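First the structure, then my questions, so here it is.
Just so it is clear, A, B, C and D label the chains in written order, and each chain counts residues from 1 on its own.
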Amino acid sequence: MLPEFQQRAAELVDAGRLLYHMGMVPATSGNLSARLADNTLAITVSGRHKGRLAEHDIMPVDAAGHGLDGNRPSAETLLHVQIYNRFPDARCILHPHSVNATLLSLLAEGDIVLRDYEILKAFPGVNTHECEITVPVFANDQDISRLASVVEARMADTEDVLHGYLIRGHGFYTWGNSVEDALRHVEALEFLFDCEMRRKGVSPE
Amino acid sequence: MLPEFQQRAAELVDAGRLLYHMGMVPATSGNLSARLADNTLAITVSGRHKGRLAEHDIMPVDAAGHGLDGNRPSAETLLHVQIYNRFPDARCILHPHSVNATLLSLLAEGDIVLRDYEILKAFPGVNTHECEITVPVFANDQDISRLASVVEARMADTEDVLHGYLIRGHGFYTWGNSVEDALRHVEALEFLFDCEMRRKGVSPE
Amino acid sequence: MLPEFQQRAAELVDAGRLLYHMGMVPATSGNLSARLADNTLAITVSGRHKGRLAEHDIMPVDAAGHGLDGNRPSAETLLHVQIYNRFPDARCILHPHSVNATLLSLLAEGDIVLRDYEILKAFPGVNTHECEITVPVFANDQDISRLASVVEARMADTEDVLHGYLIRGHGFYTWGNSVEDALRHVEALEFLFDCEMRRKGVSPE
Amino acid sequence: MLPEFQQRAAELVDAGRLLYHMGMVPATSGNLSARLADNTLAITVSGRHKGRLAEHDIMPVDAAGHGLDGNRPSAETLLHVQIYNRFPDARCILHPHSVNATLLSLLAEGDIVLRDYEILKAFPGVNTHECEITVPVFANDQDISRLASVVEARMADTEDVLHGYLIRGHGFYTWGNSVEDALRHVEALEFLFDCEMRRKGVSPE
C-alpha cells in the first residue's frame, strides 16, 4: 500500500490523462488537487501539461495553500483552498478547461440553470430530473485571492446546493469526495455544457 | 468455453467500453443487459461507471427483474424486462446516453421519423432507404414501473416495427438478437440522431 | 513476401480500422476493395463490420464482380466494377459512410463544387488551390446495376476530372492507385465535406 | 544521448502523430521543422503523411532552406526560413491544417483578434486574459517565396507580438523555443479557433 500522498498523486496523474483525452486541458490549462487526511493538499505544480503529468508534477501544500517542497503550486491554489474550507467532505477538486465551458461562460448572461436532464442524478442528493441545478458564472480575475473571496461570498449567501462553477473565458471547477467522484462530476457537467451550447446552435424554425 | 453468464458478462463489459469511447455513457449513466437461455438476465449493477466495468459489475436477475445475488440491479431494470417480454428474440438491450439522443429527445415535438438514409438498412427487415422508421419519444419518469407501462402500451398499440426509443432528456434504448447486434443498432441510431441534430443547426439560407 | 491477395486483404483490414476510428463506417455500412494484377478484385464480404474486419471478411471476385469463393460480396460490388473499368490506374476503392458526407448529399441541390482549399492539392494533378473540383451527387438506388449505369453515363459525359462522388443519404466513393492513396483521398474529401457542412451552420450576421 | 538531428527528428515524428490524433494533418497536409544549434533545420520531406512519419521522413536543410541530403523538403520550407530569421529564439515551427483554422481563415474579414480568454496566457509574455492577441490572415499563394515576403513585410511593420498566423484556406503556423513549446501553442490556438468558429454558429436570439 502506497503512502497517501503517492496514492492521490497517482490518481491525479491518471485524471489528467483522462481529461486530456476528453480535450479538456489544452496547452498547460487546468489544475487538479486532492485533500489528504492531515488536511494538506496534493496539487499540480504551476505550468505543467496536465495530459502528461508525472508524480513529481504533483506537490504538497498546507491547508492555506503554501507550498511545502520548494516548487511553485498552481497559480489558482487559493480557489482550491476556498472550496475545501467550504465543503468539509470534499477530497478532490478538478478544474478542466473545455471549449464548451469556456463558450458557455462567455455567452451566459447570469447563472447557468440546468433542468430536466436525467444526468443531473450524477450529483449527490439529486434523485430526479425534475429539479434545478445552478452553476454560477464568475468574472475572470488574475487576482486569485480576490476571486476566491467573490466565490466564497456567493457560496455563503446561497441556499442552492452547488456542485461546480464557471469562470468567464476560463473553464469550470467541480469537486467530490474522491478523485473518481470528482471525475464523475466533470463528465456530467461537460455533458450538460455540451447540451446547453448545442441548443444555442439550433436555428430558429 | 465459459459458462453462459460469464460469456455474456464479458461481452457487456466490452460493450460498455466501446460506448464510453463513443462518449455515450458519461458519469454513471446508461445500462446494459443480456438475456440467457433460462430467461434470467445479466444486467449492470446500479451506479457503476459503464466505461470501466468489471465482470462483478454485472449481476443476475430473474425474468421479472428481481436481483438474484444480493446486489442492487440498475434502477431501470423494469424497462429491460418490458422489452424482453415484448420481443421474444431480443437477447441484448443497450441504453446509451448520448448528447445527440438527449438533445433530440428534448427538441422533438413528437415521434422521430427517419427516412431516406441508407443506414436504415442496419435494422432487421429493412432493405431499402425508401422506408420510414419511427422512434417514439417518451416523457421521462422516475417511476420506472409506470414508465414501463407507458412504453408497453405504445408498443402494444402500434403497427410500426420499433428498433429503439428515446426518453426525454435521458438517452435511448435499443436491442438485438446478440450483443453485437444491439451494438450495430446503437451505431446506426446514434449516426441518425447525429444527422438529425446537425440538420437543426443548418442556418436558413 | 505474402501473395498479392493476402497483402491487399491485410491493407483493407487496416483501412477499415482507420475508417472506423474516424467514425466513417458505423454499423455495417461502407465497403472496401483492391484490384489485383490479374484484374480480379479483393472486396469485403456483405454485411461485415468494417471496423473489425479479419482477412476472411475479404473475398475474391472476378473483373465483372462475380464471387469466386462462395461468399456473398458487398451488395455494391457493381459500383466498384464500374470505377475500375473507367479508371485503368485505380487499384483501391473506399466507400465510407460519414455523417458529413451523408448530410451534405442530402442538402446539396446539385454537384458539390470545392474551391480555394489548399487541401485540394491532395488529389493527383492538382497543384494550386485556385481550381475547382466537382463531386457529383447521385440519387440513391437499391438497384445497384442501374445506379452503376447512371454513374458511368455521368463519368462518360464530363470533362471534369473526378476523384470521388456522393450518393444521397449514403456516403461517398473515392479511389486511388493504392490503398494508401485512396485513404489520402478519403481524408481530404472528409475534411472538405466537414468544412462545407460547417459553413452551412454559420449564422447569418 | 542521440545526436541533435536524430533527437529533434524523433520529437517531430511524435509531434506529427499527436497532430494527426487531433485531426490537424489530414491527407499529406501540414509540415514540421526544428532548428539545430548550427542553424541548419530538420524539416519534413515533401508529400509525406504527418501522422505516420518515420525518422527518414525528416531531412536536413541549410539556413536558407536548401536540401542537404538529396530529398525534396516541404514545399513551404521558405515560410519556415522566414520565421526562424525573424524570431532568433524560435527552435520549432509547426504548421497544422485543422478544419477550424481553415474555416476561420475563409470567413475572417481581416486579422483575428483574440481577447478575454484565460488560455491566452499559454503564450510567452502574456499574464492576463485582459489583452489582445492578433493573428494575421494572409491570402494563400502557391508562390511560397512571394508569400514569405508578404509575411515578412507584415511582421516587420507591426508592434503586435505575434505567436502564429493563418493562411486562407490553408491552416496555421505557430512556433516556439522547443517542440514542446510549439505544441503548446498549437493546442492553445486550436482551442481559440474552435471557440471563435463555434461562436459563429450560435443562432441570433
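Going forward, a contact is a pair of C-beta atoms (placed from the backbone, for glycine too) under 8 Å apart; a residue touches a chain by one contact, two chains touch by 3 or more.
Just so it is clear, the model here is predicted, and its values are computed rather than measured.
Novice: Under the over-half criterion for shared residue numbers, do copies chain A and chain D use the same patch or different patches to meet?
Specialist: Since fewer than half of the residue numbers are used by both chains, the interface counts as different.
Novice: Nearest 5 degrees is plenty: how much rotation brings the CA atoms of chain C onto those of chain D?
Specialist: Rotation angle between the two copies comes out at 90 degrees.
Novice: Between chain B and chain C, what is the gap in Å from one C-alpha centre to the other?
Specialist: Measuring from centre to centre gives 31 Å for this pair.
Novice: Could you grab the centroid distance between chain A and chain C? Build each centroid from C-alpha atoms only and quote it in angstrom.
Specialist: Chain centres of chain A and chain C, defined by C-alpha means, are spaced 44 Å apart.
Novice: If you look at chain A, which of its residues touch at least two other chains?
Specialist: Residue numbers touching two or more other chains: 201-203.
Novice: Would you pull the chain D residues touching chain A in the complex into a rising list?
Specialist: Answer in residue numbers: 116-119, 122, 127-130, 180, 184-185, 187-188, 190-191, 194-195, 198-199, 201-203.
Novice: Which chain A residues qualify as touching chain D in the complex?
Specialist: Those in contact with chain D are residues 26-29, 49, 97, 99, 102-103, 106-107, 140, 142, 167-171, 197, 200-204.
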